[in-house]
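Below is a structure I'd like to ask you about.
Chains: A, B, C, D, E and F, in written order; residue numbering restarts at 1 for each.
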Amino acid sequence: MTAAETETEGDFKLYAIEKYHANVEPFYLPISDEVELFAAAFQQRIPVLLKGPTGVGKTRFVEYMAWKMGRPLTVVKKGSPGDGEEGEATEALPLVTVACHEDLTGSDLVGRYLLEGGETKWIDGPLTRAVKAGAICYLDEVVEARKDTTVLIHPLTDHRRILPMEKKGQLLEAAEGFLLVISYNPGYQSALKDLKHSTRQRFISIDFGHPPKEIEAQIIVHESGIDSQTAESLAKLGEKVRNLKEHGLSEGVSTRLLIYAGRLIEQGISARRACQVAVVWALTDDLDVQRSIEEVVSAIFE
Amino acid sequence: MTAAETETEGDFKLYAIEKYHANVEPFYLPISDEVELFAAAFQQRIPVLLKGPTGVGKTRFVEYMAWKMGRPLTVVKKGSPGDGEEGEATEALPLVTVACHEDLTGSDLVGRYLLEGGETKWIDGPLTRAVKAGAICYLDEVVEARKDTTVLIHPLTDHRRILPMEKKGQLLEAAEGFLLVISYNPGYQSALKDLKHSTRQRFISIDFGHPPKEIEAQIIVHESGIDSQTAESLAKLGEKVRNLKEHGLSEGVSTRLLIYAGRLIEQGISARRACQVAVVWALTDDLDVQRSIEEVVSAIFE
Amino acid sequence: MTAAETETEGDFKLYAIEKYHANVEPFYLPISDEVELFAAAFQQRIPVLLKGPTGVGKTRFVEYMAWKMGRPLTVVKKGSPGDGEEGEATEALPLVTVACHEDLTGSDLVGRYLLEGGETKWIDGPLTRAVKAGAICYLDEVVEARKDTTVLIHPLTDHRRILPMEKKGQLLEAAEGFLLVISYNPGYQSALKDLKHSTRQRFISIDFGHPPKEIEAQIIVHESGIDSQTAESLAKLGEKVRNLKEHGLSEGVSTRLLIYAGRLIEQGISARRACQVAVVWALTDDLDVQRSIEEVVSAIFE
Amino acid sequence: MTAAETETEGDFKLYAIEKYHANVEPFYLPISDEVELFAAAFQQRIPVLLKGPTGVGKTRFVEYMAWKMGRPLTVVKKGSPGDGEEGEATEALPLVTVACHEDLTGSDLVGRYLLEGGETKWIDGPLTRAVKAGAICYLDEVVEARKDTTVLIHPLTDHRRILPMEKKGQLLEAAEGFLLVISYNPGYQSALKDLKHSTRQRFISIDFGHPPKEIEAQIIVHESGIDSQTAESLAKLGEKVRNLKEHGLSEGVSTRLLIYAGRLIEQGISARRACQVAVVWALTDDLDVQRSIEEVVSAIFE
Amino acid sequence: MTAAETETEGDFKLYAIEKYHANVEPFYLPISDEVELFAAAFQQRIPVLLKGPTGVGKTRFVEYMAWKMGRPLTVVKKGSPGDGEEGEATEALPLVTVACHEDLTGSDLVGRYLLEGGETKWIDGPLTRAVKAGAICYLDEVVEARKDTTVLIHPLTDHRRILPMEKKGQLLEAAEGFLLVISYNPGYQSALKDLKHSTRQRFISIDFGHPPKEIEAQIIVHESGIDSQTAESLAKLGEKVRNLKEHGLSEGVSTRLLIYAGRLIEQGISARRACQVAVVWALTDDLDVQRSIEEVVSAIFE
Amino acid sequence: MTAAETETEGDFKLYAIEKYHANVEPFYLPISDEVELFAAAFQQRIPVLLKGPTGVGKTRFVEYMAWKMGRPLTVVKKGSPGDGEEGEATEALPLVTVACHEDLTGSDLVGRYLLEGGETKWIDGPLTRAVKAGAICYLDEVVEARKDTTVLIHPLTDHRRILPMEKKGQLLEAAEGFLLVISYNPGYQSALKDLKHSTRQRFISIDFGHPPKEIEAQIIVHESGIDSQTAESLAKLGEKVRNLKEHGLSEGVSTRLLIYAGRLIEQGISARRACQVAVVWALTDDLDVQRSIEEVVSAIFE
C-alpha cells in the first residue's frame, strides 16, 4: 500500500500515522449498496459500525471509502446509487486505523505527556491526530478495548463532535472531514454484549458477509495471480467449508486463506497440499473437522 | 455547538474545559416540569441525579439548563413554573461534562502533578476546574467510575461544599455557581446497586422517559430536516419498537437513531433501507428480534 | 462552613487541610450521652468508632466535638455530663476528614515523595498532617480502604501513639491533641467483616441511630427554613418510611433528604412533588417500593 | 514510650526507625517461661514466631525482650530460668516493628531507589536498617504480606544470615545483634495456611494466650489507674466473655478493651455504660451476642 | 551457536538482537516437505504458523530456514522441492526470536521511550528491529502473550506489511526480507482457544510431530556423541514412552531429554541411572507413571 | 558463611551478588550418588532440577557443589564416582541464589534501567550477573515466579546458551562456567502443574529425600553442638514424625527444626520443652496433630 512517505532509513519506511492514505484506488468489489450507504453517512457525518466475520474485507472497504470520499469531496447525487464513476477525487482522505485490544486505554487513543529535554511534552494519540487532521478514524474491533475508550468517543459521535482531552484540561472540536468508523465481529458473542447501548445507539450499522462465489473468485485471481479455473475451485471450496460451520467449525474460512492457497499453488506446491496447510490446518486443530474439510478438498481437487 | 474559542490550528478548535458553554439557546422541548425542578434545586444548590434510558436527552437537558441558569442569575418566581420566558440571561453557565467509565479515578477528576521544566506542577482536573469556575459539573453515568470518585463528591454535596485535594494537602471551597449533576441509566441493573446509599441520598432525583410521539416528531424534524409526515412515521416507529422491549430487546430505540434514519432518507436512501441500517441492525444482532422490528418498519413504510 | 482561610483566587477559597476548623459552633442536637462519652474518650485519648446508618449525622457530630474539645482544653467535670455550658473554648481543634474508599492506600494517608525543582521532596499526607498538628483525624468508612491503611493506624491507637513513615525510615510521635476517630455503617455487611479484630479492638464504639421525630423536625426547620408544621410532617414521613425498611428498602431515608424536600417546598415546589423527587425517587428504583412510599406521602400531605 | 529523639518540630517528634528503643523497662508480667525461651533463642540467634490472638500482648512482649536483651549482652545462665534480675543491661536493643499487610512488598522492606538532586539514591527499608543496626526486627502478622517478603527472610533465617538486595546486586550480612521475630494470629484461618512450610520451619514457635484473671487485673490497674476491685471485676468480665466465644463471638475480648473500660470509668462514666461502649459494642454488631455480653456485664456490675 | 559479535567483556559475548544469525549450517534433518513449504511461503511472504509438541525441533527448524533463505536470496525452482543443494547462500537471514509469555506486552515488542541524558529516547523493541532489519521474526508460543501483541501483528500480516508504532504516532513499513513466524503447542488446550480466528486466519500452518525412530537416533548421535547402538536404544525408548501417553503422561518425551541421557552415559553414568534422571524423573512426579517408564527402560537396557 | 568481602560499614558486610562463594568446604554428607550425577551434568552443562521437600538440604547441596566444581576445574574420572578426594580445587565457583516468589518478574532477573546523574543506566539483575561471571545460578522454587521468568531461561538451557535482554535489544552469550540449577517442592501440588513441559523437559532431575537416621544424627551433632546420644534421639523423633505424615501433617519435620531443638537444649532448655517449641508448635496449629507429636516426644525423652 503506497502512502505519503515521511522518512526512510535503509530498507524500511516511516510515516506519520495521520498522513497514511492510498495513492491508487484500492481494489474493492462491492457486494451490495454498502458504498452508497457509507457515502450518505459520511455526507451527514453519521458514525458507522461495520459488522461481519473475520477476513471478509471490512478493513479493505474502509480503505476504499477513504479513497472515494477524498478531497475534493465527491458529490453523491440523490437517488443515483453510484457504481464507481465518481473518479474525480484527487487525494484520498487520510485513514487512521487502530486495532483495538483489551489493554487499549483512553490515553493510548488521546495522547499522553512525555518528558523531553527536561520538560514534559504532550504527544497526541492516533484518535487526536485523526480528529485534528479530519481523517477517517477506524477503530477495529472496538469492543475489545478498555471501557474508558468507548466513553471518549461519545462526544465525538453526537452534535458536539468534540474530543475531551481531560489530562490537558481541553476540548478539541473535530476538523471537517473527521468521521468515526468502528467494527465488530458478531461471532464473538461475549464481546458483543460489552458494547453498551449508550455506545451502540450512536452508529448506523452496515452488515458484511462473505462475497458470493463469482466475486470471490475474481478477488482470488487479482490477489494471488493464479488462473480463473483454480480460483473458481478455491471459491467453491470456500463456499463448501462455510457450510460446514455447523459441524464444529467456529468460523468459516476467510477469503484471505483462499488467496494464500492460490499463492502457494502459484509457487509450485500441489493444490491439495496447499489447501491442507493454508486452509485445513490453518482453520482448526480438531482432527474430525480436519477430515471433513479434507474430503471437500479431495472432491474439488481430485 | 458554539463555545468560547481559545485556540485554533488548521481545521480544528481547542477550548479550556471550564470555558465551554452554549452561545445560543440549545434546542430542548420540555416533557414535564423538569425545568422548574432543576431550577429550584439550582437555587438551593441541591445536587441533582438524572435517571433514564440511553439517548433520552439527559445531556441535552443539562446543556439547556446551564444556558437557562446563566448569569445574571435567572430569578425563578415561586409558584410560577416557568415556560422559557426568563430570556434575560446573557451568558450561559459554563458546563463541564465528564463521561465516567470504570477506569476513571479520583486523580482524573481532581488533578495530578506533572513534571514541567524540571519541576512538578499541579494540573487541575475537570472537577477542580468546575469547582473553581463555578460551573455546572455533569458526571455522566457516575456509577461506572472507580469508588474513589464517589467519595470525592461527598463533601461537595453537603453543607461544606468543599473538594479535598489530598495530594496537595488542601481543601477547595466551591465558587458560587457550582452545582453537581450526575446521571445513571437504571436499565443497567448491575451498575445500579453500586451507587451506595451514602452517595445516593445526597441527590434529588429527576426521572426521564422517552418523549411522547408528538414531541419526538418535532425533534426529528428539527434535527434531520425531513418533512413532518416522515418524521411522524419515524416517531410512530419509535413508539412501536419500544413496545417490543419485552420481546428480547434490552433497550428501546433512542431518538438519536430515529434522527439518523431521517438524515439518511434526506440523503436519498430509501426509507426502509434507512430504517434497516439506522434502527434494525443498530439495535440488535438477534435475527428474530430483527425480523420483528422489520415487520414494524414494513407496516409503517409500505 | 467557615475556616482559617489561606488562599483565594476568584470566587473559590483554598485551605491547608490541617487548618480546617469551624469558627462558630456547629449546629448539633444531642440524642443521648454521646457528647459526654466522646469527651471522656478524648481526655484519655482513647480512639473512637462511630457506628450508624447513612446521613444520621456522624460527620456533623465530629465537627461539633472538634469545636467542643477546642483549646484551651475544655475540662469535663466527672459526674456532670455536660449540656453545652463549656463555652470557654476559644478555638476549635482542627479536624482532618478523610473519606475512605477501596483505592485509598497507606501512601495516600502518610505522604509520598514528589519531584520538585530537580529534587524529590516529601509531601505529608492528611494523616501525617493531623498527627503533627494535633488534630482530630476522622477516617470516614475506614473499612473501605486498602488493608495497608488499617495497619498504619495500629501504632497510633496504642500506648506508642506513633506513625511509622517507612518510606522515610522514620517514626512520628503524635502531638498532644491528636485523636483518631473512624466510622462505619453496619448496614454494609460485607464491609463489616473486613474490619479485623486486631483493628476493631483498638476503639471504643458509639452507636448512632436516626433522631426521634421531635428532634428531626427541629433540624429540618433549622436547615431548610420552612415552617414547623411542614417540618413535623416531613419528620413523620421519615419515621414512617424507615418502618417500611423491611418492605424491600435497603436503607431508611436520611434526615438530609427530608431537608432537601423542605428546601424544594420553600422554593415553591408543591409538597407532594418535592417529596417525590427528594424522597421517593432518590431512595429507590423499585416501582413497588416507590408506590408504597408515595402512599405514605399522600397520607401525610393530602 | 520514650526513645532516642532525633528531630522535633512543634508538638511532635521524629525518630529514625532503627534508633527506636525503650528507655525504661516496659511493663510486662510473664505468664510462663516465655522470657527464658526467647532469651535462649536470642543467644542462638534462632528466629522466633509468636502465635496468639489479638491484644494478648505480643507487641509488648517483644518490646520487653528488646529491653532485656540489650547491650551489654545479658548472660542467661544455663538451668536458671531468669525472673527479671538481669538488670545490668544499660541500653535496650533497637526494635524495628513492621506491621504487615497484603500490599507490603519486598521493596517496602528492603529499600528502593529514589531520585534526589537529579540522581537516584538508594533508601534502605526497615528490614535493611534492622539488619545493619543489629536490631530485633519484628514483622507483625507476616502472613498478610505479599509472597516476595517471605522469600526475602529465608536467607536471613538460616546459616547464611544474609539479606539479598537484588536491585542493588548486593548481599548484606547481618550485624551481630540482629534477630528476626514474626507473629501471627491462628484465629485467622485463611491466613494460616498461607505460611508455607518452607518459611514456617525456619522459626521456633512460642504460643500466647490471654493472661489469667489475677495477672490481667494487675495489668488493668497499672494501665488505667482505677482501683483493684473494679479491675478485678473487669478481669472477671474478660474471662466470662472469652467463654462466650462459642456463642457466635469470633474472638474474645482483649485486655486492651478492658483497660479502655477502666479508663472511661476513671473519667466518670458509669461502669455499665463504659463496658457497653468499650466492650459490648466494640466487640460485635450482632444484637443477640450483644445481649449475652450485656447480661454478663449486668451480673458483674449490678 | 556462532553469530556476528558486537561486544565482549571477560568471558561472555553481547550481540545486537537483530544481528543474530548462524555462521554455519544448523544441523537439521527434514522429516517431510516442511522445508519446501516454508520456502514457498517465504517467497510469497505468507506468515507461517508452526504447530507441534515440546522439544520437537521447531526452534531449530526456524534457525535452519533462516540460514537457507539467506542472501543472496535462494531461488526455489517451481516443481523441484529442494534437498539442500541451494548452498549458494553466503549469509543467513537474521533471526529475531521472542519467547512469549503472559506478561509480554505490545510495548515489549515495539519499543518504549527511555530517559537518557535528560531527554526521552525511543528504544526499538525486538519486533521493530526485525521489521527494520528485514529479519525473520519468530514469536514462540504467541498465544501466551498479552492480547495487545496479537493486534500488533495484524497489519504486518496482510497486504499492508506495516507496524503501527502508536506511541510515536508513526507507521513502519517492513523491509523486504521480513517474515513473521509464530508457533504454538496444541497440547496446551486452554491456550489454543485464545488464538482468535482474526489472528489465526492470517497464517498458513505447518504441523510438526516427533521424528521417526531412525532419524531421532541420528540426531542423538550427532548431539551427544554416543555410539549408534546406544542412540538407537534411546530412540526406541522415546518411541515407547510416547506410546505411554494415554497412561497419564501429559506430554511425550522430547528428543532433548534423550540427548541428555546420551550425554550423561557418555560422561560415565550407567545407562539406567542416566535414563532415570534424564527421562523418568524429568518427565513426571507421578509414582505410577514413573514405574511404567522404568519398566520400559529396564526392558531396553537390561 | 565466608565470602569475598567488598564493603563493610559498622557491624555488617556487603558483597556483590556474583562474588559470593564459600571459602571453606561446606559441610555436606552425601546420601546417594547425587554428587556424581551433578558433576556429570556440570561437565556437560546440562541444567539440573533438584526436587524434594522443605529443609532437606537442597540449598546446602548446591553450595557444596559450587565448591566442588570450582576452578581449576575438578576432573571427575569416568567410572569412579568420587567420595570427596577431589580436594585440589582452590577457588569455589561463584553461586548466585535467587529465591523465587509469585511477584518475581523477568526484569528482576535480567536487569532494568535506572536514572543516575540525569541519565538512565542499565543495572544487571542477578541472572545476568551469573551469566557474565560464569557462576552457578540457583533459582529456588522457580515455579513460584511469574511466567516471563521461565521463558527467559529457555535459550539459556539449550544449545544457544544465550540470555535475551530485550529491553537493551541485546543477546548475552553465557560465560564458560555458567550452569542453571532450579528446585521445586513436589509437595506443593498446585505449583507443580505450573512448570510447563516446555520448561521442565530442559532439565535432568535429581530427587532428594530426608537423610537416613544415622546421617541426620551426624548433621545435628555438627550443627547444634549437642552430644551424639541426644542427637540420635532427635533423629529418631524426626523419623517418627515423618511417619505421622498421613495423620494430617502436610509436611514432615525438617532437619533444621531438629537442629533448633538441639541448640535450645544446649542452651539449657529441657529436652521436652525444646521439642515442643521447635518441633510441635513449629509444625502445626492443629491440636490433635500436636497431641500425636507430643506423645512421640514423650516416648523418646521420658
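Annotations for the structure displayed:
Quick note on the criterion: a contact is a pair of C-beta atoms (placed from the backbone, for glycine too) under 8 Å apart; a residue touches a chain by one contact, two chains touch by 3 or more.
This is a predicted model, so every value here is computed, not measured.
The minimum number of touch steps separating chain A from chain C is 2. Chains making contact with chain C as well as with chain E: none in this assembly. As for how the two copies chain A and chain B face one another, under half of their interface residue numbers coincide.
Annotation: 63 Å between the Cα-based centres of chain B and chain F. Averaged Cα coordinates give chain C a centre that lies 32 Å from the centre of chain D.
Centroid to centroid, with C-alpha atoms defining each point, chain B and chain D lie 55 Å apart.
Multi-chain contact residues of chain A, defined as those touching 2 or more other chains: 115, 118.
If the chains shown are joined wherever they touch, the resulting network closes on itself as one ring, and no chain has more or fewer than two partners. Order of chains round the ring, from chain E towards chain F, by the touch criterion defined above: E, F, D, C, B, A. Listing the residues of chain A that touch chain E in their complex gives 1, 3, 7, 9-18, 20, 53-55, 59, 97-104, 108, 114-118, 123-126, 129, 141, 144, 185, 187-188, 223, 250-251, 253-254, 256-257, 260, 263-264, 266-269, 273, 277-278, 281-283, 285.
On chain D, the positions that touch chain F within their shared complex are 33, 36-37, 40-41, 43-44, 46, 49, 51, 76-80, 105-106, 113, 115, 118-120, 131-132, 134, 146-148, 150-152, 154-155, 158-160, 162, 164, 166-167, 169-177, 186, 192, 196-198, 200-207.
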